[in-house]
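Quick heads-up: structures coming right below.
After this come two complexes, each holding subunit A, first together with subunit B and then together with subunit C.
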Partner chain A sequence: MALDLTSGARTGSTGRPAPGAHTLRHRRRRERLRTIGFLSPWLVGFTVFFGYPLVATVYFSFMHYNQIKQPEFVGLRNWSYVFTQMPLFGPALWNTVWLVVVMVALRVVFGIGVGLLVTKLKSGVGFFRTAFYVPYLAPPVAATVAFVFLLNPATGPVNEVLGAIGLDGPNWFNDPDWSKPSLVMLSLWGIGDLMVIFMAALLDVPKEQYEAAELDGAGPLARFRYVTWPNITPIVMFAVVTGVVQTMQYYTQALVAGKLASGVTIGPGTVIQPGYPDHSTITVPQLVYQLGFQNFNTGAACVLSLVLFAIAMAVTMLLMRRRSGLLSAED
Partner chain B sequence: MTTPTSPAADAVAPVRPARAGSAAGPSAPLPAAARRARRNRVLHWIAVHSVAVALALAFVLPFVFAFLTSVMSDGQAMSGELWPASWHWENYSKVFHTPGFLDWWRNSLMYAVVGTVFTVCSSVPVAYALAKFRFRGRRTAMLLVISTMMLPPQVVVVPMYLVWAQQFHLSGTLWPLIIPMAFGDAYSIFLLRQFLLTIPKEYMESARIDGCGELRTLLRVIVPMAKPGIAAVALFQFFYCWNDYFGPQIYAAQNPGAWTLSYGLESFKSAHSVDWNLTMAATLLIMAPVILVFFFAQKAFVEGVTLTGVKG
Partner chain C sequence: MSPPRPRAWPAVLLAVGLLLSGCANPSVGSADDDPKAPVTLKFWHGWSEPGEVKAIDASIRRFEKLHPNIQVKTTGNVSDATVNQALRAGGDKAPDVVSSFTTNNVGQYCDSGMWADLDPFLRKSGIDKRKVFPRTLLEYTQYEGTQCALPLLADAFGLYYNKDAFAEAGITRPPRTMSEFREDAKKLTRRDGGQVERAGFMPNFRLYQNSPDRMFAQWGPRYFDKDGKARLAKEPRTRQFFREMSRLADAQGGYRALERLRQSFGDEMSRQSGFMTGKLAMHLDGEWRGLMLKEAKPDFDWGVAPLPVPDDQADTYGRGYLTGTVAGIAHSSRHQNAAWELLRFLTTDTDQVVAFANAIHNVPSTKAALDSPRLDADPSFRTFLRIAKNPHSQALPPSTTGGQYVTAFQDFSYSVESGREKDLDKGLRELDRQIDADTLQAEN
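And then the complex of A and B:
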């Protein structure tokens, strides 16, 4: 039963409360205090580290502010700058959308595939599961450095092996057409999280349904289509939505791959044009960083942040609607 | 048609023989059908396992290539050769003697350990309240937690940085990343709540009847029962901190003394642009702790990953 504060207040207003009502009101107040007490870390955190900066982002998006002089109101100038004049906005948005569509789709398909494969294995399950899972744990920077090395066009092992069997390997991270596919390969290497989720979902499909389908003479494809798929759809939906949200934040791998592949031998923090080669790896979050922390164009950075926020919220709303179970698991 | 009853085999059992048998009618000799079914099963086993072996090779080879290169001589590491001509284990000690490398280790550990402790301590009570208390606005609170969880960190980073740098003068340290973790982490709260929902209410009620206050109930009854969930959340948070690149780049970039391994590795590569052997040794040294932790806590980890997707 929900805590009903209004009826308690009404009892109080109708003259002297009965002794029972008094203790009840007392208990309710104590319960409310207890709830607030337990929630307090998050209440503070949400206000200070989420509420405040969000409001400040909106404020700064209308300001010219170089982080030294006082902010100065400029109306919608930051907004029109970002949408119409900023040269990197187009490529960054395109790359982010490209990655969201291609990377998420391939990761989900591959995740289901690897999950299916592992559930069909009869021996060595533990070994294979671990082999497919461990790359997911590699820190993104380390995994990216390793892939830049592996896919090095001149001396990398991958092109060496391809050369040995007579194939001419592409330039991978150094070719604008191949840089994003290379990032996709990197993300598929780290499929472990989705594999585990899909494995669990696949093992949860009731066995009787497969048996029934078999009796009806359904082949493997028909069984996947009519038994497996309907059972795992909620998990697929979950994987797609969280994948979209994660890929919208895609930052570290693209930045590190671009920087290292460009061969620029200067330390981090140095201002270089991001997105090597040919802006093919710059993403919206990278642009936020560049504007806010390298160009000190706070206003434009905040505009971009809000664009990102709007998209993230839209995707989250979709998640809430499709998976109301997320919230009401108990009730 | 008799099919194997192990769970994995159920999905695998070929249907084709059953169909073939029924099409051929009762006149088809049973031993032949049974033999065909067995042959099909064997072929199926071979097919599935070959795919698995090939795929496992593709997943493992990056580690193998990185390792082989990490023990090559400087000269050989620049070539395209795959197998080390001589084994240079001293590359690893060279990495440790790189100026700053030990500081990065210390900073990474500090960030990950303190951050994890803060996160768990602050998130458990919030998750408990969201899972077990009844109050107005509970649904809204949960919606807000999920929204925060989904929010790209870049959205609020600019004003947050200005506060930490201008009001508290904490840029150049990792504290702006650690302090917020003492105020609940949305993702951890969400996961813990999902886990706490699975604990029956009766345990809390009986604790209450025994005269435990809410805090005592939480610490004495709930926390011990929620250990697997807490372990999973702690692991996730530890890995998050260890792997974080964006945060240290924002707050620690200007002070190499505060860099973490994840952040320092890139500068290491930039400084040793052609020394792929040293870079690969450093890369493997950064991967090693997470992978070791995983092997020790595999169960908690897999459980946590499953919790994110399958519950609810």
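And then the complex of A and C:
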């Protein structure tokens, strides 16, 4: 009796399946079912919450569908509408990219800075760690409302203080040039999440490496460049990747800040129009919601979702590749 | 696990297709029910203030007394977005009778079939809608011949003014034309250096109820041509409107100075609002504000008048922007005949319309109710009744895109007032192109 490695079945000298072949097949099928069984929670979750929505999004991007009548195939019309006839697509994409680049970069730099500060402090460590972490616990809407109040150009205390020292404060959330930087300030205020992970990463750097560097005559900058940075690089990349994905979904703070700063009354029956001032705070996720659930232009909303998905995938893949490159080079 | 074999792909695709189209198939209602049979209807509305909720609940109780077989379960404070999403989702929890505080979405409701066509019900009940409802109100409750909504009280917009500030500035009566308006606004404006402390009238489009479409109604524009194409670039009144708004702002210190003042105002409904704090001498608002002002008792005397009209249309003085609450029957309702009984009572019963209008200080929406001697005799309220009856008063035309064209017009207006739009003609052409593209996209 020999084992046929290609078919996986036992064969007798006559070439017919040996009596044990059936048992082996049965065992393999059982193993396969067991594997599927163990995987099934993930498979179900993946299919229901990712696979099906993704297939449905692609399907509806080629359909005219107002969520009442049956979908009708319209070819590339939704795609052409989004790319050539929707004036808010450009500003929304630009704002989203701007926030991804500026907000993520500044949050990471600021997070490392605050992490370094709270790990180097000799006294008052508990106070500063708490002071930097607590804002992160504030609900996003409440924090945004507070910032809009503080930065009100006419009555806000920030401009009052600036005025008292002879500076003409900007219009913050009411100025298209300042609205996105104001949102960045809001996100930097809530840096607690990044502070915690950078603090943990910084405390994890082996002390001996610093001692060795000092013996070699390395100053603070050189120690950061050749000891700290290589050690915390994986955490930096983690912060960047998650930051990019989160910022691509940026919605609430921009919507609340724009709505409050505009002062426009949202009466019953009316809807919040995002983007104030001058479309400077409109983001792609806001546009997806507006198209899909206010205008019921499902096809165009699906196109935008796919664009966002493609960009998020591309950026993440790029960063992941960069991350593995960095890790292999440094480790 | 190996992927499905090639011959299995058609079956997989068919399954996915069936799943997708199945999920995309909303529930459909019917009008086969017996309106005399016992039934519980679900009525969703947007009223949330205690006085308003009390008034609508009292209306429902009157209806239930007349129709003992029909019970009505009301849900208040419901926004259009919620109604839209609930009716699209369908199911037995969806409402039978629905209402909306804005006329903006009527075109979308009628064109999509989300609200049932009411003409068969009107015919069945022998109601001649043209005899019952004023023309403007009928126009904003239908789209391309489909009457999917009926007016359930209306709103008219006029000018509230501070009589004390008028007396102090030596102004004897409210302005009637735009040139008078500009002059009075200038006289009433108080400045401290570069800062405006009180504006005569703030034309900034983001102020409270000041949306540009409401102001633009004083010019009597036509938004669409007979083929449904946007014609704002062709409409000469559009340029006149933007020019006049800009001159009005400049006469009081300019857009930026007024914006700075606007940012110091409190919430519209609070005692810190611009008009209540005396930072605005004149103010555009709806008829409901009168009731609120009476309750709030500001420390100045106030009056109401129609908003001024362009100098070359002085004979139209008395006109104003009209809108209102609309009500209809959900397409998914399985009790449409019973739902019609409720809708008919709320929208066409003269006693009910008058009682409800008096209770919440809204303009009645039927001809008989508008002429009723039982209407509130308050002079400020009567001013709005006259605005509502004025043949030149205007409502926004319904569109299949809902309020999307209004939003586009508002966005454009914000750009114009802030000076970001440098070429008005080119911008208006682009606006028309965008509105047409949105309409085409909605119709497909």
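Throughout what follows, the second predicted complex is superposed on the first by the 266 of 331 C-alpha atoms of A that agree within 3 Å, B and C clash if a C-alpha of one lies under 4 Å from a C-alpha of the other, contacts with A are read in each partner's own complex, and residues count from 1 in each chain.
By definition in this document, contacts are C-beta pairs under 8 Å (C-beta built on N, C-alpha and C of every residue); 3 or more make two chains touch, one makes a residue touch a chain.
Owing to the predicted nature of the structure, the values given are computational and were not obtained by experimental measurement.
Novice: May I ask you to name which of subunit B and subunit C touches more residues of subunit A?
Specialist: Counting residues of subunit A touched by each partner, the higher count goes to B.
Novice: Looking at A:R32 after the superposition, I want to know if it touches subunit B, subunit C, both of them or none. Which is it: first, second, both, neither?
Specialist: Both partners.
Novice: In the overlay, answer first, second, both or neither for which of subunit B and subunit C A:D278 touches.
Specialist: In the superposition, A:D278 contacts subunit C only.
Novice: Determine, under the contact definition given at the top, whether A:P91 touches first (subunit B), second (subunit C), both, or neither.
Specialist: In the superposed model, A:P91 contacts neither subunit B nor subunit C.
Novice: Quick check for you: in the superposed arrangement, does A:N174 touch first (subunit B), second (subunit C), both or neither?
Specialist: In the superposed model, A:N174 contacts subunit C only, not subunit B.
Novice: Give one of first, second, both or neither to describe whether A:T155 is in contact with subunit B, with subunit C, with both, or with none.
Specialist: In the superposition, A:T155 touches subunit B and subunit C alike.
Novice: Please indicate which partner A:G263 is in contact with in the superposed arrangement: first for subunit B, second for subunit C, both, or neither.
Specialist: Both: A:G263 reaches subunit B and subunit C.
Novice: Quick check for you: in the superposed arrangement, does A:A56 touch first (subunit B), second (subunit C), both or neither?
Specialist: In the superposition, A:A56 touches subunit B and subunit C alike.
Novice: In the superposed arrangement, does A:A300 touch subunit B (first), subunit C (second), both or neither?
Specialist: Only subunit C; A:A300 stays clear of subunit B.
Novice: Do subunit B and subunit C land on any of the same subunit A residues, and which?
Specialist: Overlap of subunit B and subunit C footprints on subunit A: residues 32, 52, 56, 60, 67, 154-155, 263-265, 267-269, 293.
Novice: Considering only the defined contacts, which subunit A positions touch subunit B in the complex?
Specialist: It is residues 1-3, 5, 31-32, 34-35, 37-39, 41-42, 44-46, 48-50, 52-54, 56-57, 60, 67, 114, 117-125, 127-128, 130-135, 137-143, 145-147, 149-150, 154-157, 159-161, 189, 193, 196-197, 200-205, 207, 210-211, 214, 217-220, 223, 235, 238-239, 242, 245, 248-249, 251-252, 256, 259-260, 263-269, 284-285, 288-289, 292-293, 298, 301-302, 305-306, 308-309, 312-313, 315-316, 319-320, 323, 325-327, 329-330 of subunit A that touch subunit B.
Novice: In their complex, what parts of subunit A are in touch with subunit C?
Specialist: Of all residues in subunit A, those touching subunit C are 32, 36, 52, 55-56, 59-60, 64-72, 74, 77-78, 81, 85-87, 152-155, 174, 262-265, 267-271, 273, 276-279, 293-297, 300.
Novice: Going by the contact rule at the top, pick out the subunit C residues touching subunit A in the complex.
Specialist: 1, 16-17, 19-21, 23-26, 46-48, 77, 79-81, 84-85, 87-88, 100-102, 104, 108, 112-114, 206-209, 259-265, 268, 331, 401-404, 407, 410-411, 414-415, 418, 420, 430, 434, 437-438, 441-442, 444
Novice: Residues of subunit B touching subunit A in their complex?
Specialist: Result: residues 1, 3, 6-13, 15-16, 18-19, 22, 45, 48-49, 51-52, 55-56, 59-63, 65-66, 69, 78-82, 122-123, 125-126, 128-131, 133-136, 139, 141-148, 150-163, 180, 182-184, 189, 194, 197, 214, 239, 242-243, 245-246, 249-250, 253-254, 261-263, 265-267, 269-271, 273, 276, 279-280, 283-284, 286-287, 290-291, 294, 298, 302, 305-306, 308-312 of subunit B touch subunit A.
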